[in-house]
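Dropping the structures in below, format is structure tokens.
Common to both upcoming complexes is chain A, partnered first by chain B, then by chain C.
Here is the complex of A and B:
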């Protein structure tokens, strides 16, 4: 008797689950699984969108060609360099901002909102405004020239175009990572601080020996998510370069793995090749995610 | 000594706030002045909305605005339906294959969107949706992150509450609509904020899928204004503000929810 009852119970919940999941699963099947398979599939073809019916199966040739193309290495090295420089700076500054706005002081809400605000803006708007500050003889370009930087239009300069993208990117993303740290700071129990005060630790010692170790989990999130996000930077580059020759300009100074993919697929319409590049990008991000998961498991 | 330290911290915080607010202030002021006053301190009487009017006359801004609103509203509505239902099923229903479905959602979270961009472009163009709003809506009616967040939210609703409803004779489906849905306010607000801002600010997909000028959304439109009008900062800044003001206003009203929303979405690690 109980067994039969359980069966009914199961049946009802299966029907309910099917109904509730149907809208999401149908969308996922059509707009996620199918294109994902398609992406892998066309990466094995010499497929140009302008000559759709002339697709030829080429096996791994797209992948092989990629590793022979110096532009690809340029994009890859820019992406890695960008990540290596941006992620530590943004992690450090996010922690600083979070610590500041976590204090019990007047106007805390205002400061939180002010620091977070750039994140809600469109990258198009932010990039546009920043460009005016970094024109030769203007605002920030002029100011930084007193510190030994060249007084020039940053986004038109081979050496300064990528740092310019980095500055506006960090400016926009900081508030987001600040919130991660802030929610981490709020989970540290007050007793730990009291105990360390009794032990005679000063503020700076407390910060380094109590706060930072307690924030391990937040730091981990900020760093891994920061790496994944920084690999996918695109909007800022596309907007900054849209009047001067497209993503990558000037002369490949802002070429990243993603702009390289974009130009292959949507400027040259070599979509088979573009898909192969996208899959390499995916594999890199997958490795980061797997390492992340391993580390989380190790901690548990 | 203590006062000195406090002043120092305030000074640092205000300086940082200026770093974040000055660019916005610059954009606002520049958008209100005639060309000859750009980068100068303008006398009050020269301030006017003339740049805005000019931008509205030169570009189909009303079309862009309409497109942006339509795309954001429909994408958001679709996402709420798919993610509330799926998130609830994953949190509260027992059924075979639940693990598999949940893993599928996690996989979707992990895959960088750019991998899908090329096939999506081919699909959307094949359906004749190139340069249409529908091409920006239908492929994005479901989001792994939204489903994930809905699941986490419904996990916090105690099972006893739902079981009590079942004792009262409500089925699985009706207990969702009668018990859990009315409690979903905070979840809906969080998802609405995240989906709306990401949709409103989206550039990669719209700039790839839209070729016709009147089909643009605001970010794509602004990028063309910037490209054509860069030498006239006052008009470009008017464009920047037309794009940014709606989000800034929503942000100022819902600050707390914005910030809490990000904090909960970060728990996915």
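Here is the complex of A and C:
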């Protein structure tokens, strides 16, 4: 190809690429980068959203106050604990369900739809219904009392409020992660399973030595997204606690970083302080994502 | 000839200039102004507000009122910052006096005295304690439209079945009755501790009150909180949350408690949700020889972000008329804020009549300026004791709050 023609081709392809990328980049700039920069900026101010003109620059004071606030650590520890417990459980159950609905069984389509259905339901509706079942002497609360659990209103109990949120959350999100695994399972070539059968591998060995390693990219997605989502849990907590003590009730048992951010920013209008909390949450999620990505790359 | 044409043209142009010059002035006279009114409430309130703005054109020519309904109080306050930033916040709203102090102090609500004087708004018939609820440093920040004192309700069937005789008039009698009325399925009393409203009935009736943060840890308030904690400790009281319910009215309507502090809204609630429950309304019982309750007053407050605050204030005044308050009372069950309508209200709401005395001694909530934060901390302190088992005393709780919120 002549040099001039090649240069023209390169320029044209660059322009085409830029044009194709532009809509996405503009959206990211408007909906992600600008709010992020704005949040960082606001976090250095004593900032009441109702009276923006009265904002006062306070430097790192919001961050300093946050790191001295026991409520912040409570929210942080609850968020981390929630993630550490919920993500492994939902990852395991999603894989199990995906494996089950990937079998050639009767009504496979129905089961796939049924397991996915909770994810498309409104979190508010789901939380409201769940609350009814976990009230003292009602449905699930009474049933679980036969297995040693306290017959009480779960979301009004210091020790059971967060597990209740966890159960509610996993039930709703499971179908979503199941779909990730299902699509991963369907990309594993059947020849590998046939070869393993010829070599004498049983089903359990096939699952652990072929299926799970082949699904590592799906697992990366499920775990990464699961961590991010679990750190961002809010709707369910808001519904369960909003009309009876506020987010975090009872006595801070359901306080997470996000509810703490919400209360600071939108209930108490301390937007600068709330932004500082949001930035810390963002950094945590960013670091977790980078570390995980590195680990997967190393494994590859 | 040419000169004649020139003169005619000059005359026409001059006349045209005069006409054109006068157009803005004429337009200004006939300028259309739209005033938006933000509120939240039920269908009865929708109709009452829609009725209240009828005929406004004849009083304020060129003024149109737009009703903007929000799903709830929380939704309104959550949306307001964004609306203020976008310049789309309503011109005036109908908040209650529960969390108003921070908005007054921060300047979100405009003082209305200048408009009251300028346009001669007549507030002489407004109940003094409703007006006091909206007055801060001699400035009036809203035109009161409702005045609901805190009340006390008793499930009469449960009371009679327990053979308790006369209804209680003191907290000591309530305590003794609660011991008899409490069963496995029913709590003697519901003390909704998810917000400041109910604890404030107790503090005020024990002779205390928050006094805008000045008397948080007064002996009367300590006695009131000790009483509440005792009721919980002895298993005589229930928090709606314990039953998976969101507020005291639901608990009472479900027959899960025999008594509770309440408000005028119970009449509508009970007739709709629990028409079979036979209940009595009365003034909040007294404590330590005192009597008291809170005055819950809705008012029309003009926002400082309004582009037409003067017109908004006039619309607010128009919508707070005698007929508008009567209509609101009929449609939504609220107690009017006008003295002259009290007899009328209690005549058509005989159920509420025994609680009328509350209107005499009810005072504003008196939360500190940071009212939302104060209530959040108060609820949190209670939950620490009741749910988390902290051994903090009432005195310690209130000392901590006083340290943080006393001015």
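Following the convention adopted for this analysis, the second predicted complex is superposed on the first by the 251 of 300 C-alpha atoms of A that agree within 3 Å, B and C clash if a C-alpha of one lies under 4 Å from a C-alpha of the other, contacts with A are read in each partner's own complex, and residues count from 1 in each chain.
In this section, a residue touches a chain if its C-beta (ideal position, glycine included) is under 8 Å from a C-beta of that chain, and two chains touch if they have at least 3 such contacts.
Keep in mind it's a predicted model, so treat the numbers as computed, not measured.
Engineer: Is A:28 contacted by the first partner chain B, the second partner chain C, both or neither?
Structural biologist: first
Engineer: Identify the partner contact of A:250: answer first if only chain B is touched, second if only chain C is, both if each is, neither if none is.
Structural biologist: A:250 contacts chain C only, not chain B.
Engineer: Classify the contacts of A:12 with the two partner chains as first (chain B alone), second (chain C alone), both, or neither.
Structural biologist: After superposition on chain A, A:12 lies in contact with chain B alone.
Engineer: So, does A:232 touch the first partner chain B, the second partner chain C, both, or neither?
Structural biologist: Once the two structures are laid over each other on A, A:232 reaches chain B alone.
Engineer: For A:266, select first, second, both or neither according to whether it touches chain B, chain C, the two together, or no partner.
Structural biologist: After superposing on A, A:266 lies in contact with both chain B and chain C.
Engineer: According to the stated criteria, A:281 is in contact with first (chain B), second (chain C), both, or neither; which is it?
Structural biologist: A:281 sits against chain B, while chain C stays out of touch.
Engineer: Classify the contacts of A:39 with the two partner chains as first (chain B alone), second (chain C alone), both, or neither.
Structural biologist: Touch status of A:39: first partner only.
Engineer: Just chain B (first), just chain C (second), both, or neither: which does A:242 touch?
Structural biologist: both
Engineer: Name the chain, either chain B or chain C, that contacts more residues of chain A.
Structural biologist: Larger number of chain A residues touched: B.
Engineer: In the superposed arrangement, does A:73 touch chain B (first), chain C (second), both or neither?
Structural biologist: Neither chain B nor chain C is touched by A:73.
Engineer: Please report the chain A residues shared by its interface with chain B and its interface with chain C.
Structural biologist: 49, 131-132, 138, 242-243, 266, 271
Engineer: Under the definition above, what is the set of chain A residues touching chain C in their complex?
Structural biologist: 48-52, 131-132, 134-136, 138, 153, 155-158, 242-246, 248-253, 263, 266-269, 271
Engineer: Name, in rising order, each residue of chain B that touches chain A in their complex.
Structural biologist: Interface residues on the chain B side: 6, 9-10, 12-13, 16-17, 19-21, 23-24, 26-27, 30, 39, 81-83, 85-86, 88-90, 93-96, 98, 101, 104, 108, 110-123, 138-142, 147, 171-173, 176, 197, 200-201, 203-204, 207-208, 218-219, 222-224, 226-228, 230, 233, 236-237, 239-240, 243-244, 247-248, 251-252, 255, 258-259, 262-263, 266, 269.
Engineer: Chain B touches which residues of chain A in the complex?
Structural biologist: 10, 12-14, 16-21, 23-25, 27-28, 31-32, 34-36, 38-39, 42, 49, 97, 100-101, 103, 105, 109-126, 128-133, 138, 171, 175-176, 179-180, 182-183, 217, 220-221, 224-225, 228, 231-232, 234-235, 238-239, 242-243, 258, 261, 265-266, 271, 274-275, 278-279, 281-282, 285-286, 289, 292, 296
Engineer: So in the complex, which bits of chain C are touching chain A?
Structural biologist: Checking each residue of chain C against chain A gives 74, 78, 80-82, 84-85, 106-108, 193-194, 239-247, 370, 372-373, 376, 379-380, 383-384, 386-389.
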